[in-house]
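Order as written gives the chain letters A, B, C, D, E and F; numbering starts at 1 within each chain.
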């Protein structure tokens, strides 16, 4: 790499505090001489993505942002646990695109056997179930339980950490989870405290996806999403 | 039902010939005292939906059309084999929404054991694979093979039927398919000829989904897509 | 269709009250100009089908009844949640045959993500588990819980509805079911009350199967159950 | 065991030559002090079981035969690859009942990784596919290919062995099968010749099931098919 | 068989009391004229196998023991529920090799629908989960719950049977298990008492595997573990 | 990280040329301020790991090497596609341990839909099939085909690349693979040439695993392999 590689992490909701938190959580993956990791906010996004409609609504502006970025980025991370637009963005012919839910689950598969997911809202759970089936890893999912706080309420640290710990205990004790995935991009700040409280490894999805992106730019992976054979 | 129930079939591509063909294919499901089945074209759609980006691009206008329709329809069929916007539309709080791919596969499961899918393009195949995994029916899929004609080329009857027959033979003879699904909304006119040529039942996806919609309006099914328990 | 199509719904137990209840539950699927839907009782059946042996015992008289009916019916619904004789009947070369369990599950797959099943007896549950695996949809089943009332006891409305509501709550709250299937042909009368009590869509299996049959006769589906390639 | 245990192997087709061949194939499992292994023919059965209807038709007489036998047998083998009546017979409260298809597949799972099945007729294949899904072992099945000879034609040794060898080669070379199951009770005599020709272990289903029955009577297994908890 | 066949049961832990208990549990499978069943202790093994490292550590001495035995045994049972070295031993070109966990699960699949596993320690559970996925039978597993006693503590009959009964009740009542597998080679003595207490069939893994071995030597099964086609 | 993190890549075969090739393939993942990536050869290993026995034989020396290394490494990569000792090493209480097969497959899942695996020998294929089932990702595997060259023969570039290209074409054209995994640690040098020849992304397993390790040390993942709840 003559030019330093750059990974663009896109927060598809418009809440800049969430972007800021993501950015802070990525310190451990910024190495001198390593890829630049920049986090941006999708201005067109809703304040939080809490439904399938919210998730689908950001696909078009996300793809436009990626296309505008052109060769100014070498890999992309879409930092929402619904993985909005991941498959559409992969068709753009740019560098590899990573969804944070898929990368979190795939990372967790190396850190424990059965995976417990901590979601924000009950209504996220059927959407996640579809994502896990799409990914093809259903036999590794121990359970998915919600703390029932909206994306913007995640800032109340006392309440949030209490609920996360309660849900994590349930996943560990009742569902036999051996590793936990935080099912929302806005939970990064709680990761180490939750690990300490619960005694299991905890995966933050944005961190996990940036890990995949660093390897991808270092190794020059191509993205493939079209036909195995040309039409 | 004091008022006659109405099913709205939405062609999310903007090619009115395709809408017309759908409409013609639904004659057998229109009963004097049964639900009205109306087909409309989504003006904002692309001429044909041939990629994930095409599919995602119609979700927002589709949802707006459904919301505008309000209580003037009792059930909705989204007539594209990528099932665009099905999950988002289900959150709108309107009548039940049916995707034609899901309904075609579920119908085929009652007509034969292993299901062969005839796709338009090689690049549709990974998208379909994701859909079938999401649906959770992978063990019933015998194969998915493309005829490699674009949506608009499907009008050339000689070429299309020849290719469909060749692919269908391969699915039957090499993949042991016992029932076929036409993996595109624009293939209706070929169904009976293909059945005659190949000796297997053939499912047209729009027809299958309207079948589901008729039952749904007759029985008053509610759509449920949110949380099993309120947040 | 020059001649009006006719769907024969066969209650394979000999309890005519059950047949009468099925018949009443199908009002919403009888359209002027649509297929005739007739319900008959299999005289040779036991009063209720509560074991694998009960289920298997009706296959031969069921097939004889279907053969006797000949071209006086265009599609058949076997109205017992064990789906007795469905695969044997499909070999008879008559119109399509639908099992009510398979059609209920396939319908539920369009109305919610994970499916909860309400069974009559504990001993039905392993039989259902086999059916769901045979169908190939195990990843969509949230749970199967019995109310522990026999087929003939289902007429006691107070007790039955209370138990159904309790089981449905368990399926929704503990198993995260988003749609319910009533796992017996004799529960139709409780469907709307259960939906109101529990806030989830509820599928009655006979209703679901008649929905499939209406589409099948309207569209002229052939049944295929033999070899993909002639022997 | 004060009284010598007895295993009853029931050939549910009425062709006594098939029963005789089964009997001969079981020599290796008859030990001086071990269980008696008796083979009987179900007089009421068809000459060969070649369809789902054939298979279902023998359930009632099979169960009557088992009930009549009462405590004169300690375990039962139903020697037809469709496993007719296995689940109904398990409800009779007699000794354990084994289906030869399930036992053949379970045995093959210890002798190789992916299992190839040699069937008699193309139309057996969808029936087997249902059985394998019911058993829950689909990920271990490499393929199922028919020799297209009826049960009674299996006596022509030259033709049969040639076709079995051709199908076995296809399963080994094209489907990567590492162990073969003969998918019919009437193929025993070909087992060792096929093993020699093809270089893979070959499982005869009746032999496999009698193996299970010997262990069951030696160890006093109870059969359980009802409700985990009493109704 | 001119020479009496011999099955070698190897206890890969070095605790001779465990070997003695295995030996006693196999009485029902020793028939006059049948195969000799000998149990030996692997001197190099740890006192109990309670981790993946323990399990892997015995593979090399196990394989050496099997090679040394040469043609003095016709089949081998590796009597530890982690199935250590089963796949390596199968490559040695000796008679068939059986793992007790795989044989216990495969046997249980014929005695009930969903299988409950009683483990010794919580930390066995992820290891078992990997084994069940490897075997390809995940859809048949109802649950796996530990009694949390080490291998050597299993000798305290009062405590052990109480805990086993409590876990078995949980598997039956909460997980809907219809058959139980004792997930350790040192539990044989509790099998009949547990069956009486819980009302479900209980499978002892060493007994199950010796059942497979008896059939294998009687029928002359070859082991196949290499390439379907020579390299 | 006050001290620079260090990843130890262990080649468990004793062929130093293979270690050297791994080392060269990791250039793209060495950043000035990033973790040190050191490759070492396991002196006790066989020249190539080509069987289950070879694979199991290195577990003990591998674990001893890891224990000896103690806190001189922060994460470990076991660089053999059989993933020998991964689960045992995870119990050692050291930093996270990554198997190259699991990491290659998990990485490929982000780059294409169905995964084709290029193996060295036919006899690797059943071993890989077990690994993929253990991992729980069978529905994503398109095929696994061998080039039939031993580990040491991989140095003959002309022959090897020709065979790899032929196998890759088969995986792409006949199995509909959309991404390829090189199923051996000694194929790194062919990756970019194969990508150019075949037009699909190609994953080298050692590269993929080091990618996981870099993220793990940057983020401080703990390894968890024991009981979800203490015994």
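One rule holds in what follows: contacts are C-beta pairs under 8 Å (C-beta built on N, C-alpha and C of every residue); 3 or more make two chains touch, one makes a residue touch a chain.
Since the structure is predicted, the reported quantities are computational estimates derived from the model, not experimental observations.
J.: In contact with chain E and with chain F at once: which chains are those? Just list them.
T.: A, D
J.: Please report how far chain B has to rotate so that its Cα atoms sit on those of chain F, a copy of the same sequence, as a value between 0 and 180° in steps of 5.
T.: C-alpha superposition angle, chain B on chain F: 120 degrees.
J.: Measuring from the mean C-alpha position of chain C to the mean C-alpha position of chain D, what distance in angstrom results?
T.: 31
J.: So the centre of each chain is just the mean of its C-alpha atoms; given that, what is the distance between chain A and chain D in Å?
T.: 50
J.: How many angstrom between the C-alpha centroids of chain F and chain D?
T.: 42
J.: Which chain F residues reach two or more other chains?
T.: Within chain F, residues 112-114, 125-126, 130, 133, 135-136, 138-139, 176, 178, 225, 228-229 contact more than one other chain.
J.: Any two chains that touch count here, so list every such pair.
T.: Taking the chains two at a time, the touching pairs are A-B, A-C, A-E, A-F, B-C, B-D, B-F, C-D, C-E, D-E, D-F, E-F.
J.: Chain E touches which residues of chain C in the complex?
T.: Going through chain C, the ones touching chain E are 125-126, 129-130, 133, 138, 144.
J.: Inside the complex, what are the residues of chain A that reach chain F?
T.: These residues of chain A touch chain F: 1, 28-29, 31-34, 96, 98-99, 102-103, 106-107, 109-114, 135-140, 172-173, 176-179, 192, 195, 200-201, 203-204, 207-208, 210-212, 214-216, 218-225, 228-229.
J.: Can you name the residues of chain C that touch chain A in the complex?
T.: Chain C reaches chain A through residues 112-114, 139, 176, 178.
J.: In their shared complex, at which residues does chain B touch chain A?
T.: Residues in contact with chain A: 51-53, 55-57, 59-60, 63, 85, 87-88, 90-92, 121-127, 130, 133-136, 146, 148, 225-231.
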